[in-house]
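Heads up, the next two complexes both have chain A, just with different partners, chain B and then chain C.
Right, the complex of A and B next:
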């Protein structure tokens, strides 16, 4: 067990990678064995994430140096520069890891039925597992270049999955937009990595943070990172590709893409807090992030109101919700240099933003999956053509209501808990921000009620008389996420205290992150 | 001033390539040209990375028949190789999708072949 915990960071990345390439030979022999392999490997990874999370909450940051005699040995033989590939898992990384493990497991179970009629399923699951690998790699790595590599793994497999149903012209178009955007963003990011390497001769985030001067080149590199990751996260004004790609992907893939988008957001926070940290001109960068968040929130929700395509409608809401997280964390970043303000509201603002990541990562995939369930049974994504589906799809209806109430921030559901934390703390920073955030929340509720009314209520339509409830695996996949929402709604205090606040402190405490790498010189 | 120009030449070339690629990405509508733009951007970034690995007086880190003297750290070369491999995959995937787009819409013009708006 101890050995399993020690090696769990690399196992969490390696097991999906290995399973990805076993899927094809096993799938050719037996479909059932392949499905079992998929579910067992993802369930085992989830188990590893949970025991690693427990270990981190007790022992602090978990370092894993690849190829070293002992995993904690980051600086072998008293070297000054960490030369090996290092995974650094702190409370923030494992927080993202828990989300990614849960959502990918739910999405995989959902896809067992949702994709059952498609051809080439072996390749579908290979790509899905590769995407899981890429996501975990982005969250766990302590090295900027590896961040780029895993970003590209997630992007390439994600694009192929979006375009997986190649018989639809729009699916291929969405996939093409995604890969073009990802390639450009990835190369801009790589250019920034090169700039930092040119000055400090290292790629390790902890080492770079220790040596950081915040010179002109560093500012250029920061700008490149922010531009690249803003594109990849899908923030306004670089969000044009986002609804196009997310609408056409299979619903379970859209659910996972939401989390890869969060992983890019995590990379932004990691770079701002852990890489640049106190050397950063915190007020300027913080305000930039707050303003991007504010714009995203508002533009996303106003665009969503007009949509008639159910997936597109939800994609715009996903954009809008990400604005909350940027606003919360941006406010925290803006007061990073001011310990008093940080203690009174800055830390709460970051906690609110991070807690909203967790909540959004549960209700948004759930809503996308219910949209997928509607598409699975009716064959259309057009809300105007649907109607009266609540008569036959009762479980989907209930799950949709849970997701809707949560996204609109209705008490006592979890969306309320995180949004309230954001309103409360952001109000002390600047009241206008909190007012806009509340306004956006109201429009969100209004538009979701409209969508609910057009899809589920009303008399039974003749063409959907024989529509059945979706198959069990799809309900189980959605049920996992709904259970997570309900659990978080009942125990918001517990979640904030045990999972969210440690993640916030891990972001703020740059010294601990640096010490994880630079303190490991004991032979 | 003049003696720095030969040393900085690779960086100027990289900047030029990146500039050309952004011109293509913004102003060209043909999807194949778009992909070429990304390929040029990738070349620019790779040239930048590999130019970082040059140190005056250092030897290339190849162990057969190495001359006397210090060797450069091969990290930028390793980064460039990885980046090239990734870009091959990305370009292949993009070209595959362009073939499919052409089959569906009969056009490579990004304005004519797009279906989704708003």
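Right, the complex of A and C next:
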């Protein structure tokens, strides 16, 4: 068990990678064995994530140096610069890891029936597992170039998966848009990495943070990182690709894309807090992030109101919700240099933003999957053509209601818990922000009620008389996420205290992150 | 399909291209190049055959299924070698000191010893296999697609 925990950071990344390439030979022999491999490997990875999370909450940051004689050996032989690829998993990384593991497991189970009628399923699962690898890699790595590599793995497999149902012309278009945008964003990011490497001769985040001067070149690099990751996250001035790609992907892949956005958001936070940290001009950068968040929230929701395509409608809501996280964390970043303000409301703002990532990563994939379930049975995404589906798809209806109440922030559900944390703390920073956030929440509820009414309620339509409930694996996939939502709704205090606050502290405490790398010089 | 002269020359030349590709792969740990570059050289030979003969002709001897299995096994060998060191650390070079590629070269300039590098040469071979098979499948699929044929599933 101890050995399993020691090696778990790399096992979490390597097991999906191994399974991805085993999928093809095994899938040629037997379909059932392939599906079992997919589920077993992802379930095992989820188990590893949980035991690693428990270990991190007890023993702190977990370092893993690839290829060294011992996992903690970051500076072999008293070297000044860390060599080798180093994975650094702290409370924030593992927080994202828990989200990624849960949602990818749910999406994989969902795809067992959702993709059952497609051709080339072996390749589908290979790509899905590669995407899982990419996400875990982005969250666990302590190396900027490695972050870029994993970002590209997630993007390329994601683009192929969006375009997977090639019989739809718009799917191919969406996939093409995604790959072009990802390639541009990836190269901008790589340019930023190059600027830092040229100055400090290292790619390790901990080492760079230690040596950071915040010179003009560093500011340019920061700008490049922010632009690249803003594109990849889909924040408002650069969000045009987002609904186009998300709408046409299979629903399970849209769920994965939502958490890929969160992984990119994690990279933004990691770069702002852990890489630049105290040297950063926190007020300016914080305000930039707050304003991007505010714009995203408002533009996203106003664009969503008049959509009739159910997936497109939800994509705009996903954009809008992402604004909350940026606003919360941005407020925390803006007061990073002011310990008093940070203690009174900054830390809570960051916690609210991070908690909202967790909640959003559960209810948004759930909503996308219910939309996928509707598409699975009716063959249309147009809300105007649906109606009365609540008569035949009762479980989907219940799951949709859970998701809707959660996204709108209705009190007992988890969306309320995180939004309330954001309203309260952001109000002390600037009241206008909180007012806009509440307004957006109200519009969200209104538009989701409209979608609910047009899809599920009303008399049974003759063309959907024989529509059946979706198959069990799809219900199980959605059920996992709904169970997560209900659990978080019942115990928000527990979640904030045990998972969210440690993640916030890990972000704020830059010294611990640096020390994880630079303090590991035992020969 | 091009003229008989081109086809004959291509038939002779493919041997040299393959040998050069294998050379670049096998000497990846000593000279510039490595698995990816050597694999790409081999695929350039495949592209030459594609031009000289037609994609229909090549499809008979280069099966998509075989290529897929080769590609997967290349990746699996790579990850397997990385996993083999997990007794100490993932990616630990466990072959150093053993008779297989285990010699430790002298410091300073030298002609280069092929039996060094631990599992790096083996990983180069795995990457070479994967790149050669994968890129061949890509060019073959593109050629078949542009000639209006479907690659078999």
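Heads up, the rule we're going with is that the second predicted complex is superposed on the first by the 523 of 523 C-alpha atoms of A that agree within 3 Å, B and C clash if a C-alpha of one lies under 4 Å from a C-alpha of the other, contacts with A are read in each partner's own complex, and residues count from 1 in each chain.
Here, a contact is a pair of C-beta atoms (placed from the backbone, for glycine too) under 8 Å apart; a residue touches a chain by one contact, two chains touch by 3 or more.
On a predicted model such as this, the values are computed, not experimentally measured, just so you know.
When the two complexes are overlaid on their common chain A, residue A:7 makes contact with chain C while staying clear of chain B.
Once the two complexes are laid over each other on the shared chain, residue contacts for A:94 go to neither chain B nor chain C. Within the superposed three-chain model, A:184 lies in touch with chain B and out of touch with chain C [touch as defined at top].
In the superposed pair of complexes, A:169 makes contact with chain B only, with no contact to chain C. Once the two complexes are overlaid on the shared chain, A:361 sits clear of chain B and of chain C alike.
In the superposed model, B is the one of chain B and chain C that contacts more residues of chain A.
Using the contact criterion defined above for the overlaid structures, shared-chain residue A:66 touches chain C, although it does not reach chain B. Judged by the document's definition of touching, no chain A residue lies at the interface with chain B and also at the interface with chain C.
Across the complex, chain C meets chain A through its residues 65, 68-69, 72-73, 75-76, 79, 82-83, 85-86, 88-93, 153. Listed in rising order, the residues of chain A touching chain C in the complex are 7, 10-11, 14, 17-18, 20-22, 24-25, 28, 64-71, 119-120. The part of chain A that touches chain B in the complex is made up of residues 145, 149, 152, 155-156, 159-160, 163, 166, 169-170, 172-176, 179-180, 182-184, 186-187, 190-191, 193-194, 197-198, 201, 203, 243-244, 247-248, 303, 306-307. Those residues of chain B whose C-beta lies close enough to touch chain A in the complex are 18, 25, 31, 34, 38, 41-42, 45, 48-49, 52, 73, 75-76, 79, 82-83, 86-87, 89-90, 93-94, 97-98, 100-101, 104-105, 113-116, 118.
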